[in-house]
Amino acid sequence: MNRLLSVRGLKVGFGRGNAAKTVVHGVDFDLEPGETLAIVGESGSGKSVTALSINRLIDDGGGRILGGRMEFTTARGEVIDLACATDRRMETIRGSEIGMIFQEPMTSLNPVIPIGRQIEEAFRLQRGLGRAAARLETLNALERVRIPDAERRLGYYPHQLSGGMLQRVMIAMALAANPRLLIADEPTTALDVSVQAQIMALLAELRRETGTGMIFITHDMGLVAGIADRVLVMIAGRVVEQGRLDDIFDRPRHPYTQHLLQAVPHFSHGRKVRRHMSPAGREMARPALKVEGLTVRFPATAGLLRRPVGAIHAVEGIGFDVMPGETLAVVGESGSGKSTTARALLGLVKPSSGTFSVMSAEGLARRKPMQMVFQNPYASLNPRLDVEGLLAEPVLAGGVRPDASTRQRMVALLERVGLPADSLRRFPHEFSGGQRQRLCIARALMVDPSVLVLDEAVSALDVSVQARVLDLLIDLQNELKLAYLFVSHDMAVVERIAHRIAVLYAGRIVEIGRADAVLSNPRHDYTRRLIAAVPTTERRRDVFRLETAAVPSLLRPRGYEPPEAVWQVCGEDHQVLVERAAAAKEIR
Amino acid sequence: MKPGMTRRLLACAAVVAGLVGASVAPAAAATLKMAWAQDATGLDPHKQTAFSSIRLLELVYEPLVRLNGDLKVVPALATEWTFAPDAKTLTFKLDPKAKFHNGQPVTSADVKASFTRILDQATGAAARANYASIASIDTPDDRTVVFNLSQPDVPLLTAMGSVNAAIVPASEIAAGKIGTAAIGSGPFKLESWEPNSREVLKANSEWAGGKVGVDGIDIKVLPDENAILAALRAKQVDFALLNDPLVATLVPRVAGLTLNRKPVLSYHVLQLNPSRKPMTELAVRQAISCAIDRKDILDTALLGEGEITGPLTMPQYRSDPNTLFCYSRDLAKARKLMADAGYADGFSATVIAATGEPPTAAAEAQVIQSQLKDIGIKLDIKLMELNVYVDTWLKGDFDMAVALNGGRADPYSMYNRYWTKAGNLQKVANYIDDTLDDLMQKGRVETDPAKRKEIFAAFDRHLAEVSPWIWLYTGYAYTAQQQNVQGFVPTPDGSLFGLAKVTLK
Amino acid sequence: MTYLLRRLITFPLVMLGVSVLVFVAIRLVPGDSITAMLGTEAGLLTPEQKQALAAYFGLDHSWPVQYGRWLLGVLSADLGLSVTYGKPVLDVILERFPLTLQLACLSMLIAIGIGLPLGVFAATRKERGSDLAVRIFAMIGQSTPSFVIGLMIIYVLSAGFGVLPAMGQFIPFSEDPLGNLGQLILPSLTLGLSFTASVTRISRSAMLDVLSDDYVRTARSKGATRRRVIWRHALPNALIPVVTLSGVEFGYLLGGAVLVEQIFALPGLGRMVLDAILQRDYALVQGSVLFVALNFMIVNLLVDLAYVMLDPRIRLGGRS
Amino acid sequence: MNRFLTRLLDHSSGRIGGVIVLAYILIALAAQAGLTPYDPLQQFRIERLQGPSLAHWMGTDMFGRDVLSRLMIGIGQSFLVAFSSVGIAALAGTLLGLTAAWFGHLWDGLVMRLMDVLLAFPAILLALLFIAVVGPGTFTSILAIAFVYTPIFTRVVRGPALSLKARDFVDAARTFGSSTSYILSRHLMLNLVAPLTVQVTLALAWSLLTESGLSFLGLGTQPPASSLGLMLSDSVNLMEMAPWLLVFPGLAIMIGILGFNLLGDALRDILDPRSRRALA
């Protein structure tokens, strides 16, 4: 028997006695050496619990294996049933035979121990190396995961490194003892898309080099397409379908798999964009939101006396307009200034310069014509207020006492966003994530705005929920002629909802234009890189290129004024920023 | 608990006990280890009036004369003295052997300098009031001092027996070092003083009063009297001063400990403020006097540790309490008196008391409160921190006050401050009575002891009857000692001077 | 580092506040140095005498003048003269301080030495019998007034065994180490009991929090044993709240464990301040409160320093 | 609310703590209503210092007063001091901490430095000085304890308030243009209730201890009224003669504090989102 892992009838539960709850109901699968199995599912599907059961870390989290077998073949050829191995036995298997990387690299490394020592520990524990030898191995490992300047970084603490770097550290640590099995639990979910691409590339490369078997847990079919040999789909603790990658992708049998592959947004290079407004129509209409030269700078200080040393140019001279009924998507990675832009428009941060104006459909600026929906529906609803209190707030803030008509409007809106009408007395924690985001949308619509700023409004939601909320947003837009400013990092989602796209990089718009044009024919270097990094279901077993371009620092010396932006028009409603070096060349 | 566990615990306990026990190091055999709860507040014998200070200073400084256990005037620095028949000159002969701790002999110049210092207003000596009648001082020779008085002042001699009239070296006065270095002529030299912690006294081998029984005294300040008792039990101290009768009465129960109790001059009293309504009414004050059951208060608050007394507490002048007005409780009379005064329904008043001074003050106030309730007087108790109390008391800003007032060997010195028209504390007593003033003045001039006794007996009776204050009882001065301590003689003024003659077995 | 320096800048400001507060407060208390010395005999003073004594105690000027003079003195490290001790205030304080410092250190040693392992132990056995036992101990320790414990200890030792720690005077460790420990071990235990209980509770809950953190799981996934994870990975993180608590408590202890010093008759700083208040030794009260406040702030600074040592996020600032 | 109660009752230490605190409150109320075996002030002086008996379950004190009756009244008194002082401190601390966190800048600096001054003062000295200035008594000890706790509450509130201030729902409220007072009261305060409740129960335990300490120094409740601390301090010198005078109030204090501590722990478990996550 040379199978790496064979799981049969795995049942896992939490709690004891009356509170006992089974969350994984009999999972079966096999894994050959060097093979990659992707476990796909949404939150609550039991995919992470299954993964944690394999190396029995589930015991520490209060869970228990209730039944089933997990036969694992060690490097020496022994076969052990992991389901009933002792804790002591497991300690020799963890790390040396089974390595694991987690979703949140930021919190998964010990904040008070230098990363070098954390990796060293893995070598010392599993390979019994001495301090010097472990250090040498650590250096090698860091180089293997392409961490530049590894020697110096050994003494760094986790908080001094970026998320991408930390995930590399995690990988180095997990692979320290050349385990036969690597479990990767959503390893890229918390990362930017280009960083995700790099990590995926790294994983693919290492797998090739070492022949490690891998269990890759994710919710993203795009990533699965890139890396998996076999796919297993889970819902609510049960396996609904499993098979070879191509079989699953080309001939999904279970409706849920079909839904995942079709209904869920997948990036398709601008082929699925919404119908655009005609350029003529755009010129006729008056923009609902017009932004000119918006600049946000945060003073940077240093030293004892908080001497100003310059400013963080978070947003630099941004201008665009959004028509009624149109969606402008602002895309970029973390640090690009896209959220700051949204917050500046809503008055949450004070712009240093620039103007913006908001018009309602009737051409009158109303009291609060612009509303915002935040990324995290868990954090943006006060947990101590009931729905009625939550919905009443924008009305109250407008100086109106809620009355019977307000209540009617609440009920109507709740119904419109697809929430039960009896929700008024309930509290946020009684709703699911998608429902909460619907609640946030209803709240924003309470005062009849003309512009809705959606800051990563669907990013925190499960993929299938994302699709439904996007549909709702599109319906509402068509119905109410709302203008959307849709801030997002997720190209697949943007493709679904945007009419136009503005790409933000280091605080500036580098490319703006019609969605199909930008997505299918990106002109700016950054836009190209960004789009290349987006995983799609179309590119199977695609190897991402490994590259390490860092985002430039936004800190500028005092009195620095950026040069005037030079735009190059490259098609109907599509223009791109000419980079300074290039611009200088052109002028010459 | 498992047996092994028990053994381990015991072992731990033994280690702790060993550590603790080790700390009880045997001190030099002839040094008396002593403890008290309150320490002296300063070293200037002329300025310090608190008991806690005087008890220390009496061991270091000497006045011209001293009071013995029966409050008789006996020699100290002076070997003899004479009062002129008109009581206007007082002459002392000094002991030729007397020497200060610095080796200098005690001369009449030192006496004159000391009294000049006391009488100098700039010194700020509160005791000056007792010596105010001194008009001039003559020093015919080194051994003779003559005090010329502005008016007859018989009580002056007794007043000279206070350490507040201690003789200090003229040279030290000139150097301005009184109060910083303690150079006296007494049985002990103050070797070191850490206020509120400890003091070390060494026997003065050249003391004119004879040989000191111990090599020295090591005094610790143990602020909690329970701790003093514990220290006695653990034999950490040989001799201790106790204040609280609740603690003192436990001493005899401990094997090997002896409790000395001596009735003292200071008296527990319920001071009424006769300037405040309705205490302005004689009948009301008398009613209060009749409603108070002194025995009951004594038994409850002091566990019976004391003697019921009238205003005069010194043995020579004390009268039988039963002869005084209403000294046995008479509620019917009290109610009638209240009704006569128009207060049949009683009234409300506030009584002040100091926290912890005396320790029984709060308990006394509570019993009084309960007793006066019987005639319809509703008392509110207001406990105050000592200094706040003193401040309030001096301003006479109270309806009633529970107090422990100091006594003196001579009735005139004890009461002239309150009950003469020119008394310094007239505003505390708030009561002017011609008869009392008259009797006081007579007592001051009279030199014949028998006649003085008669005068003050009348004073005693009258004061109890007009009841500006309700005198209750005197307590005891307590000292506790181990068996090895011998020869301590307590005095009614609570003095520890007897320690000079104590020996250790 | 700049953070610590910035903290240092606020020092004088806080000290100034403390000095004004203590100066005014002690003078608002009725009764002054004169009545404190003389008691009711103060009523016998003539006006001239009163004035002379006021001058002697330095009370013959208006408050602002008194304060100004005192502050000028303080700036040149002269805290004034204590009228009861007849010595410079600083000398008096420095005489009393070693005992209090040692008492506080011993109590802290006991608290951390017992409380921390106990708390960690309980956390690793959450919801089991031993956890419950530890929690009950901690609860009772926190629920018993220290003076009750102190009195009991004294009573049991003296009445039951006829022994007692040396009272009344401080035996410096340098002179008699055994005697010193014998004298201070029980007061420290008394003082340290509730402190121990708090440390136990805090370290237990901090440990529980940390044990549910992601990096603990990571360490386990590397194959580290539970013990190793607890002591090497979790403890350094769990120490942060323990350090906070210890700092605050230690600061309070330095301010003087008045009750314990009173009961065990130890001449420490706490009792000295209490006596100074009762005796209206203004200069001493002012000086010692200022001193205690300074100590408190230094301890706080040390706690911050400890944070910096424990937590590289504070030490090194953001991402480099 | 009901859910909250059920969870509290499901929590073992919450159940015990709740029962203790509730029992104490009932005892205090009963005593206030006169349901004591004897008048707590009545001095049966012939029955002084008698040990526990059928007539006097907890014996009598040096005045012959019934200890049980005084204990019942004393619990009320101690609770009055504890609840009022903590109430005042929580109110003042919340107000200061909330505004300091919200307005920041100069006001924050001013408030926090002032709190530093108070914190730098040794707590017992602060109380001592305060009481010495105003004069001892129930009301004064309430204010004194409140005075000592205010800076602690200020800090306890300011920290979470700062992090709440950065929460999305506060940002959301600002985008609606909600008034400062609305945001402070509905968004910040409502969410501070949980940490405050925990702190309050723990502070209650502390203030019971402090009250007894102050009474021990003669600075707390004034006789003939009774409080647990006063009963304890009054009986210290009678410890050997009448140990029951020390034992019963001592136990009453211990159990009371235990009750608050247990309740506080339970509330922390229930209200703290961190531990809730652990439970889920």
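Structure notes:
By letter and in written order, the chains are A, B, C and D; residue numbering begins at 1 in each of them.
Assume a contact is a pair of C-beta atoms (placed from the backbone, for glycine too) under 8 Å apart; a residue touches a chain by one contact, two chains touch by 3 or more.
This one's a predicted model, so the numbers in the text were calculated from it and none came from an experiment.
Chain pair with the highest count of contacting C-beta pairs: B-C. On a Cα centroid basis, the chain most remote from chain C in this structure is A.
If you average the CA atoms of chain C and of chain D, the two centres end up 22 Å from each other. Centre-to-centre spacing of chain A and chain C amounts to 50 Å, using the average Cα coordinate of each chain.
If you average the Cα atoms of chain B and of chain D, the two centres end up 43 Å apart.
Multi-chain contact residues of chain C (touching two or more other chains): 29, 151, 155, 159. Within chain B, contacts with two or more other chains are made by residues 226, 385, 388. Residue positions of chain A touching 2 or more other chains: there are none.
Remark: the chains found to touch one another pair up as A-C, A-D, B-C, B-D, C-D. Listing the residues of chain A that touch chain C in their complex gives 55, 57, 60-61, 87, 91-96, 98-100, 102, 104, 107-114, 121-122, 125-126, 156-157, 159-162, 170, 173-174, 176, 303-304. By the touch criterion given at the top, residues 41, 43, 45, 48, 62-64, 132, 135-136, 218-219, 222-224, 234, 236-241 of chain D touch chain B in their complex. Chain contact summary for the complex, chain D toward chain C: residues 13, 113-114, 116-117, 119-125, 128-130, 132-133, 205, 209, 212-213, 216-217, 229, 232, 236, 239-240, 246, 250, 253-258, 261-262, 268, 274-275, 277-278.
Of all the residues in chain B, the ones that touch chain C in their complex are 16-17, 19-25, 35, 41-43, 47-50, 121-129, 179-180, 194-198, 220-224, 226-227, 229-231, 233-236, 385-388, 390-394, 405-406, 417, 424-425, 428.
Those residues of chain C that touch chain B in the shared complex are 29-32, 35-46, 48-50, 52-53, 56, 83-86, 95, 151, 154-155, 157-159, 161-171, 176, 178-179, 181-183, 185-186, 262-265, 267, 271-272, 275, 278-280.
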